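Listed below are the structures to be examined.
The following pair of complexes shares a single chain, chain A, combined with chain B in the former and chain C in the latter.
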Partner chain A sequence: MSSEENLKIEIERKNEKTNNYQTFVEKTSETEIPSDSYSEFEFADYVDFFTRTTKSILVPVALSMVIVVFFLQSIYLQNQITSQEHGIRDLTVYHQNDSDSFQKYFFGSFLNAIIVISIIFGSTALLILFLKFGWNKILYIWLLLTTFVVLTLFTANCLLEIDQVLNFGIDWISFFIIVFNFSIVGIFVIFIPKSKRINQFYLICFSSLLAIEISKLPELTTWILLIVLALYDLIAVLTPNGPLQILIQESIKKNQPLPSLIYSSSLMLFTKIKYPIFKKPEKNIQNIENTVNETLSEITTLSETDNISTETISETDTIISKEKEKTKEQEKAEVKLGVGDFVFYSVLISRACFYGYLTVFTCFFAILMGLTLTLFLLAFYRKILPALPLSILIGICFYFLTNFVLSNFVKNITINQFLV
Partner chain B sequence: MTLVLFFGCLFVAFSPIIALFIFVIYKEAKLLIIMLAGAFFWLLSIFIASILWKIVKPLQDENAWSIAISIVAQEGVRLLLYKIFIKLEANIYRFATKQTLETEKSYLKGSLACGVGYSFAYVLVMYGSVMTHSTGPGSLFTSECPKISLFIVNALLAHNFGILNILWTIIIFISFKSLKNKKENKKIIYIFAITLSLASHFLLSYLTLIKNCKVSLLVNYLISIPLAIIGYFFIKKYYRNKKDFYQSQINETQKDEQTIEVIKPQENDQKQDLTRRRVPNDNTSDDEPVLFDNDIKIK
Partner chain C sequence: MDPSTPLTEEQKIKVAKKMYIAGFFFLPWLWFCLAIYFRKEKNEILQKYVKKAYFGFFVFTFFLLTWMAVFLSQRDRWGVKGDNLSVNIPYGDSNYDS
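Then we have the complex of A and B:
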């Protein structure tokens, strides 16, 4: 019978494609959904999860970039600021004179960038050392000191610059109170993350402050730094015995979460739907400082949403914490991105900002597009991936394209007053 | 003229984009990604146009040719974006919106997101750098338009072009999709709509060469009215009833805070006929408009 043959052919075709969730388009109305593959509901929830995680990551990155651009354009680029001689420029060995040849300039700035990256590398080595020997207290004290330094000294610097430009005048008592309170609350919130929003706010502030400071490096050093850092990120994360993998193995061995500065956007999910189970991977983090620090990523797992979890949660109805009372039927999932990635995206934008506004607009879209692509790859591969290289690649391409090509075009348009 | 002029120009130029962003796009995460993709593709188109402009030296003197090249690039990349969007939509998003939207609505909202992204990048690049100069202590006036400040004229034109970019993307997306649809009878309307959008783009950008600000502004707003009407009727056709058209959508951010029960079909229940591309509705009939081909053919 032709209809039976047709059915058989359909079922065969169906079974060929069951493992590939991308071929949902060619289902027929008469065959059943096989139970081995992802059913449509699961795939839909998977896509929903992916889109919501991208949104939760894109918004803070955009916010941090906007803060950095706003601050730099309105305050740092005014002429009233006296030149910064101390700060991150103390790290640089080579300072450009006008009479230097291009070769000397290039190699000097390359040397400066290498210094910064060797600091990062040394800090990873120190971290691995501390973890292997189990010196957790030193680790935590180190991290505490770095956050304290950033949140006090860098905010103080920024406030003084604002004072110089806006000329509003501030006495040292109120200055001290403001900065001290800001930093202490930040330290508490970053290391004991109970409230989601304030934690995120402080991490965004932290990353933008760091970026503002790092953007005061000379020009070619920042470009070389970004490129070499992207390559280092790629190598450090993806190599099987690289530093990141060692750290993860250590944390798994000791069943301890790594102390690190990570931005996590937690989402609430529904337990009645069976989500695809995987270890939720994260992006790599490179966080640098004037002092030495490096932060790393964690692995969180989405627990299986079987009957077990719902039963236990419904039994334990009278739990103390408020979150669990609300989330009777909910499950928490997290996406994590390291603060170092925030920092270097903002550094790229700040470098674009020093040239003009057009580069800012184009690099903004380039960075966000790179981030979405990396998140898509993350959903596809389900491993830890480096977040820096794609965005920085596309950002640098767009920066140089706009400088050499688009700016003249747009200038021609605005001068001749027509619209395209 | 200080921050007053700056904020005025900003809100005049960006208001349609900001409004649509806040009330439509920010509520759904996938539309945000589509908007980003739209902006990215517009940037690619303008890079192509500017590379050509830089390479071919004689173009730099004549503005008419640069307009032609950039319009061709923009519309070409819009078509490319349509094709990419179709493929993605067919494979992913139609199944991702089982809770909130039907398939036509998801397609329409996706096309709206593309349009908003396209126009956002357009207005930013074309007008943003001008707008940032308006924070200075004075204002610019040109001899062709001595009473209205240059920043405001450009802001009004950018406002209009922003709306028009959204409309062009919606019209082109819907008309190309309907041309593919075999059940559609009146295909001439869609061809007319495509030609109208292209022609209006050419017309309006060449009008700006005339440098009479009143004429260009008037004609801009006059031409955007029929396009808006066409867009309105195109979109309204694919909603089942008036209530659907005006109903607001579920806010996705509420999902994060509330406990909304989602019922997965139990094994005892009859399996829903989800293999059809269109979400089944009991009130459908063959006469109702359909954007997608629902008959999946078995070879």
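Then we have the complex of A and C:
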């Protein structure tokens, strides 16, 4: 806990410089902290942070999954024209014929999944290249284009399907106005964020739309894609020279936040740690404690508040000036989850909903379980962690377990009327 | 990309003005978002923008809804023009032709 000790020493120094009316003797007698009570408060703080962040992150993930399942069950599965998809099926090179052997089917699906993953890998490589050369504008334009495409074309596609199923005729003028409104306001809100709620709403919509499109891939392709993505995420985030670490180093070097789509749920944490020895806890102290509680979970923006726990003691002047900046802003603790995680959780559950409602519920709980586990590990390790692999691996296990075990069990119970 | 720290009064007025002007390009939803976002502000100029935005949103959606109602009920009578304007033609009997 050397960072905690550093913090304590910083707090003391700060106290010395700002509290002119407290005597030095009083302070030194107060600053002896018994180690037992300190660890108690630390644990309570961890638990508090953990419970608040789980709720703030589980609700949007659950919402996006529910939107995807609702749309697919009610609209997509009713639609007669499911085999003539021109969306993401154009990316697949292998289409299943009934007469193919299992090996050929497996190998073809693997090829399809590799294509999608190479797109993802290529785009991260491009991102790193652009950051290294410092072409930030191209990055922003690229992100803008992707959000524009998703928010216009994919909503248009979904609205057309809704029209066909619900059988109401709509004219091009009002259709255009509705889609135009939705997408333009979405672009403004995502890129020039002013309000937290609308930003979160649009990010959830964005991830649901993308998930609806990706779930139109054939079945084995999606499973292989999810497994390989989970492994890729694990490797990319945790290896010391992986793409994510390079991105973060670049953003630290240039002192700029990464342009990326991230869902951030910011909480106003007014901590319950009051070191009982400081008789006049000031706002500055609470701000320092808030900054310790900020954690990161995937590609994120590094703000200045993260660096405070690692600053050295000798830079007291810079510490105080930075803290004075922070007291003007409102200190908040945030957990950030990348939008890609939302997308692939929803893809998993859409694949489960094509089988039936039983798998939907089990995979829903599996994904949320994996997410809480990752959050727990996050509070424990305080590093950037990959959010995909745990949830996806647990989800896939639960999916196949329900398919082969639970559905037969429920069927036999209902047939034999065991639980009338 | 995060929701930024709270804006100052001047920045809020600038943002509100930009949103208000952009809403004239057939964007009633933008007006609605403006009204919702600034509804708790106490500044007079911002309250003026909020009122204008509410007014504009309601007027525009009124016109849009009347147009949609007219189109949905009268599409059959318009013949070729109605078919050209519509995105998909719903199946089933129409009251006009039978």
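What to note about this one:
Methods note: the second predicted complex is superposed on the first by the 311 of 420 C-alpha atoms of A that agree within 3 Å, B and C clash if a C-alpha of one lies under 4 Å from a C-alpha of the other, contacts with A are read in each partner's own complex, and residues count from 1 in each chain.
As a convention for this text, a contact is a pair of C-beta atoms (placed from the backbone, for glycine too) under 8 Å apart; a residue touches a chain by one contact, two chains touch by 3 or more.
These numbers come from a predicted model, not from an experiment.
In the superposed model, A:95 makes contact with neither chain B nor chain C.
After superposition on the shared chain, chain A has more residues touched by B, the comparison being chain B against chain C.
Once the two complexes are laid over each other on the shared chain, residue contacts for A:182 go to chain C alone; chain B is not touched. Applying the stated contact rule after C-alpha superposition, one finds that A:47 touches chain B and leaves chain C untouched.
Of the two partner chains, chain B is the only one that A:356 touches; chain C does not reach it. Once the two complexes are overlaid on the shared chain, A:408 sits against chain B while remaining clear of chain C. In the three-chain superposition model, chain A touches both chain B and chain C at residues 329-330.
Taken together, the chain B residues at the contact with chain A in this complex read 28-30, 32-33, 36-37, 39-40, 43, 46-47, 49-51, 53-54, 60, 63, 66-67, 70-71, 74, 90-93, 95-98, 121, 124-126, 128-130, 132, 142, 150, 154, 157-158, 161, 204-205, 208-209, 211, 252, 255-257, 259-265, 271, 273-277, 296, 298. Residues 160, 163-164, 167-175, 177, 180-182, 184-185, 188-191, 193-196, 198-199, 257, 259-262, 264, 266, 301, 329-330, 334, 336 of chain A are the ones touching chain C in the complex. Those residues of chain C whose C-beta lies close enough to touch chain A in the complex are 1-7, 15, 22, 26-30, 33, 36-37, 64, 67-68, 71-72, 75, 85-92.
By the touch rule above, chain A contacts chain B in their complex via residues 6, 10, 22, 24-29, 31-33, 40-41, 43-44, 47-48, 51-52, 54-55, 58, 267-268, 270, 272-274, 326-330, 356-358, 361-362, 365-366, 368-369, 372, 398, 401, 404-406, 408-410, 412-414, 416-420.
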